[in-house]
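First subunit A sits with subunit B, and in the next complex the same chain sits with subunit C.
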Partner chain A sequence: MSVISAERLVKHYRIRSGGRRPDRVVHAVDDVSFELAEGSTLAIVGESGCGKSTIARMLVRLTEPTAGRILVQGRDTVDRRAVQFVSQNPWSALNRRKSIRHALEQPLAVHGLHPGRAARAARVRELLDLVGLTEEYLDRRPGGVSGGELQRVTVARALAVEPRVLVLDEPTASLDVSVKALLVNLLADLRRRLGLSYVLITHEIDIARHLADRVAVMYLGRIVETGDAEQVFTDPRHPYTRALLAAVPGIGSREPAPLLRGEVPSAVSPPPGCRFHTRCPMAVDACARTEAALEPGPDGRRVACLRLDDLTAPPPFLNDPS
Partner chain B sequence: MSALTWTGVVLLVLFLLLAVFGPLLAGDPDAQTGQTLAAPGMEHLFGTDHLQRDLFARAAEGAQVSLLVAVAAVAFGLVVAVPAGLVAGYFGGRWPDDLIMRVLEALQALPLFVFALFVIGITGTGDSQLGPLPLTSTTKVVLLLGVGFIPYFARVTRSAALVEVQEDYVDALRVIGVPRWRVIAGEVLVNVLPPVLVQAFLWLGVAIFAESALSFLGLGIQPPRPSLGNILGDATGYMLLGAWWYSIIPGLVILVATVGFNLVGDGLGDALDAHGHR
Partner chain C sequence: MAAMTAAQSPAGQLLSVRDLAVVFRTRTGEVPAVREVSFDLARGEIFGLVGESGSGKSTVLTALTRMLARNARITSGRIGFDGADLLALREPAMRRLRGDRIGLIPQRPMTSLSPATSIGRQLRWHLDGLDDAGRLKELLGGVGLDALLDRLDGYPFEFSGGQLQRLLIAVAALGKQPDLLLADEPTTTLDATVQAQVLRLLLELRDRVGSAMVFVTHDLGVISQISDRIGVMYAGRLVEVAPARELFAAPRHPYTRALLEAIPVRHRRGEPLRTIPGTVTGANRLSGCPFAPRCPIALDLCREENPAPRETGLSLVRCHRAGEDL
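Take a look at the complex of A and B:
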């Protein structure tokens, strides 16, 4: 059984226009489904604004989906222990006027775990130990601690309630390069030791590559390609995935990164048909009219593209010397 | 610390010394000295008034009364305004925010002195009963000023809270399962309070000034209890008779207090800005 799954999630935000004009609707997430097997990691990748952070907020129940369901171990209930959250900016994720001891004891107190002063202190030490920090951090406040160490504290806080799933929203994006690798290794280690499952939201392809078993590529609120991480990263099919991976130095193409033409269209009025057709080098007329379903291919991956059959050849722009 | 702040500290210390220790040194503010309108001198430091009372004792007692009224009024305003502003800020833009802000705007639309005239006009300047509660003229001034301060304090609290709830820890604590009221009262509050308290400190000066104005007009603290305002009110007729000290002394004390609170409050605000941000 999957430990967490999303069924046809939709999130639309209504923006009041004022006056008599009709409200505008931001299509943040449209019809997104996925499942996460116990002990595995799903990476959701895409540019900023593609809806991946909205998915994170729905998974941890900070935002209610407009439609669709989130099942945690098969049940559609808000479980404040099973699913926990690590966000991007650890300075902001911890209260700057409260000690780290307070941050770690709070989840225990809220859920009545390890009652008694001695038991609670022992659990806090255990949590610090899990993330490789020492007791000397306990009485400090976030202001005097480095970003990498603070992010370990937020991971420890999330682990305090013994979750099954961690939703990691850009966990390394605000860290120095040298510290990033340490945190990624810690996350991989914790997943193995505690049998955790991760939903990793990131725009950093190399981080996703390190941690993910499966990957979902999002564009403008929809999943355009999903499948086994190694497969998708080494042999991307969807034109958007190819462009995204080609933009990462050292992955995919060795050629200078070809840039996609134009801007990401507005999520207020997403293009009809395939949302990527306005920028797609392989688009044909039908792409502007018909939206391709996320079809399962022979190798188990799913790609939402009308020209799926033509996608085995590299897209023309990858070889374009200009 | 700037020279201005230092000036403020000196003025404030002078005022506090007068208000806190003055009444202990000076003795009975109602005692008659046998000298009518004596000029300031060795015997009577601040002179005497038309009823032969020592003005140092009157000014010291008045300063103490004014200070207590100001502190009580600001405290009352904070007790109501901080929870209201916190809730409004936490729910920024949604209906609890709208409801609280509309009520505050209605309150603010009423000028303090019109409101005071209205209340004193109905209840009289003396003691009155509010249901089972006895209301002295002093408590009436405290409540009037306190209610008048609520919109200002609530706005400061709300704007600080609006910024604070954008921090990720507010979401993180919700995910952990911390109830909403505990996030507001236990976590957001500690970050919102410092700027609000600085603002409240500034308003202590305003409160002393407003209390003096009300009492000067006869709407505030009632004689024989001295306050800086009603001493000044009593003195109006004697300025032209040459008893300049009778008006100057309480006026100077009011000036020292309001300027002192303002300069120190500004200094505190600057210090908070310098250290409060990451």
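Take a look at the complex of A and C:
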């Protein structure tokens, strides 16, 4: 069963132009649907500014969709406990002036969980233990612990209210390689032990590949390809997915990937037809007029591309580990 | 021609850092954040810096711009920049250098932008001549932000993390075209295609105007693409320096080796990633090798004595066991 179903989500931001011009609308997310199966991880990857964080903010109800709905465990009611957020920047997520104890107790107090000092303290110890920190951290402030430790604190805090789902927005972006590895291992371990499901937003394809069961690839407010993670990462079909994976720098490679040609379109006036057509190496005239639906192919994955039938050549992407 | 060494680079020297040490005063005493850091940079050369969080990478960059936090102090060292002694310059002269010759792309874009001012105005604060529409288009287009041309009246919160980061890159790199560009994790919030565009842009800037760069990143793929030489920091020290190819082909310091083993592509899907056991906490204060508590091949000597830098050709390593065949 799906723990989250996102149905035709739309988020448009209206930006005022101060009277002289009509207001403009940023099409941050347009008609995005996905399912998150219980106990699984869905990675969302895509171009900077394509709407990933906007989806995250809608899932955790920090912002309301312009249209569409989000079902949590089949219900359309707002459940502020079931879905919790871990943001990219642990420093801005926590109050600098308050202790880590406060950060962990606050959600318990807000939701009236584990009432009483002793019960609350016990729960806080349990949370620290879950993420592999000791009690000596409790009285420190966010400024006094390293980025990796602080990211554990934000994970512990998100877990405080026993959620079913964590929405992780670039959880490992600013961590060094070995601390990143620790956090990835921790997330995998928590998922197994607590039966959690994750929506993982990341630019780090290797981490998405390591953790995700399914992946959704976004471009300019839309999902362009979605399917089994291993399948999409080893055999990407949509031209944008291919460009994205081809650009991942391999260790020891000496030259950045070639540029996508063409104008980067604006989310204020997304191009008609396929939104990628202004930069797509495969584009034909029809792509500028007609938008392909996100159709399921024979292998179960969905790709939104008019030229789907021509997108079969095996791609030489992702550098081999050896 | 004099023999080149790791700390020195070929003719056209721009920057020379010698024995730099920085401490922070904190409630629990002084933290030595950077110790005995020496490296040179030629015009047009790109020096990549990797290393553990907290190892002092950002502190080195901010020391180079002399914009350290108030509780920080440079306790020793020399920074030569194009013949001038940076640490001896008066503040107005330093400010002029920061204005056009030394550019910094800071680590956290959100905290370097003013939340209540439109991004268009902030761009104009930093750069003269921006009223020329062609120039603005060129600047934004260079970092893939052509699409923001009609949104310049927007405030920072209206943009994604990666869009803000690219604005700062456009200002510091394309806008100022500095002789020395200091980039602190400039591409961490960018997807791979935009990242490749930014890397190409920086390489092109280097080729066209000869900018030298110090480029900090945790991404080993990125650092191998952008750098001529790479420095690896651990607990305030530069523990290894080597030409990019060499570092990946034959890492010599045990920390560098552990780093290369922790990356996910070296693991099967779902298998736990290799990590480095132990923690870096307290390593800054050790009298021996700072990596000794976590090092799989440490000897008693390592715990007692800090290894001196050994130079061979263009490389440098600080490890007692570096010469051995292990």
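Definition applied: the second predicted complex is superposed on the first by the 302 of 322 C-alpha atoms of A that agree within 3 Å, B and C clash if a C-alpha of one lies under 4 Å from a C-alpha of the other, contacts with A are read in each partner's own complex, and residues count from 1 in each chain.
Basically, contacts are C-beta pairs under 8 Å (C-beta built on N, C-alpha and C of every residue); 3 or more make two chains touch, one makes a residue touch a chain.
This structure is a prediction, so every number in the text was calculated from the model and none was measured.
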Inquiry  = Taking subunit A as the common reference, can subunit B and subunit C both be placed on it without clashing, or not? Answer clash or fit.
reply    = fit
Subunit B versus subunit C as contact partner of A:227, first or second or both or neither = neither
Request  = For the superposed three-chain arrangement, provide the angle subunit B-subunit A-subunit C between C-alpha centres, rounded in steps of 10 degrees.
outcome  = 70
Key: Contacts of A:24 with subunit B and subunit C, given as first, second, both or neither   = second
Query = Regarding the shared-chain residue A:89, is it in contact with subunit B (first), subunit C (second), both, or neither?
reply = both
Task = Name the contact category of A:48: first (subunit B only), second (subunit C only), both, or neither.
result = second
Inquiry  = Quick one: is A:161 in contact with subunit B, with subunit C, with both, or with neither? Answer first, second, both or neither.
reply    = first
Task = In the overlay, work out which of subunit B or subunit C sits against more residues of subunit A.
result = C
Task = With the two complexes superposed on chain A, say which partner A:107 touches: subunit B (first), subunit C (second), both, or neither.
result = first
Request  = Look at A:182 in the shared chain and tell me whether it touches subunit B only, subunit C only, both, or neither; answer first, second, both or neither.
outcome  = second
Distance in angstrom between the closest Cα atoms of subunit C and subunit B, superposition on A = 5
Key: subunit B/subunit C common contact set on subunit A   = 88-89, 91-92
Request  = Under the touch definition given earlier, write down the residues of subunit A that touch subunit C in their complex.
outcome  = 13, 15, 17-18, 24, 26, 45-49, 53, 88-89, 91-92, 146-148, 170, 173-182, 184-185, 188, 203, 205-207, 209-210, 230, 243-245, 247-260, 263-268, 319, 321
Note = The residues of subunit C that touch subunit A in their complex are 50-54, 107-108, 110, 144-151, 153-154, 158-163, 166, 185, 188-197, 199-200, 203, 218-222, 224-226, 244-245, 248-249, 258-260, 262-267, 269-270, 272-276
Query = Which bits of subunit A are touching subunit B when the two form their complex?
reply = 57, 60-62, 80-81, 83-85, 87-89, 91-98, 106-107, 110-111, 143, 154, 157-158, 160-161
Ask   = Which of the residues in subunit B come into contact with subunit A in the complex?
value = 167-169, 171-179, 187, 190-191, 278
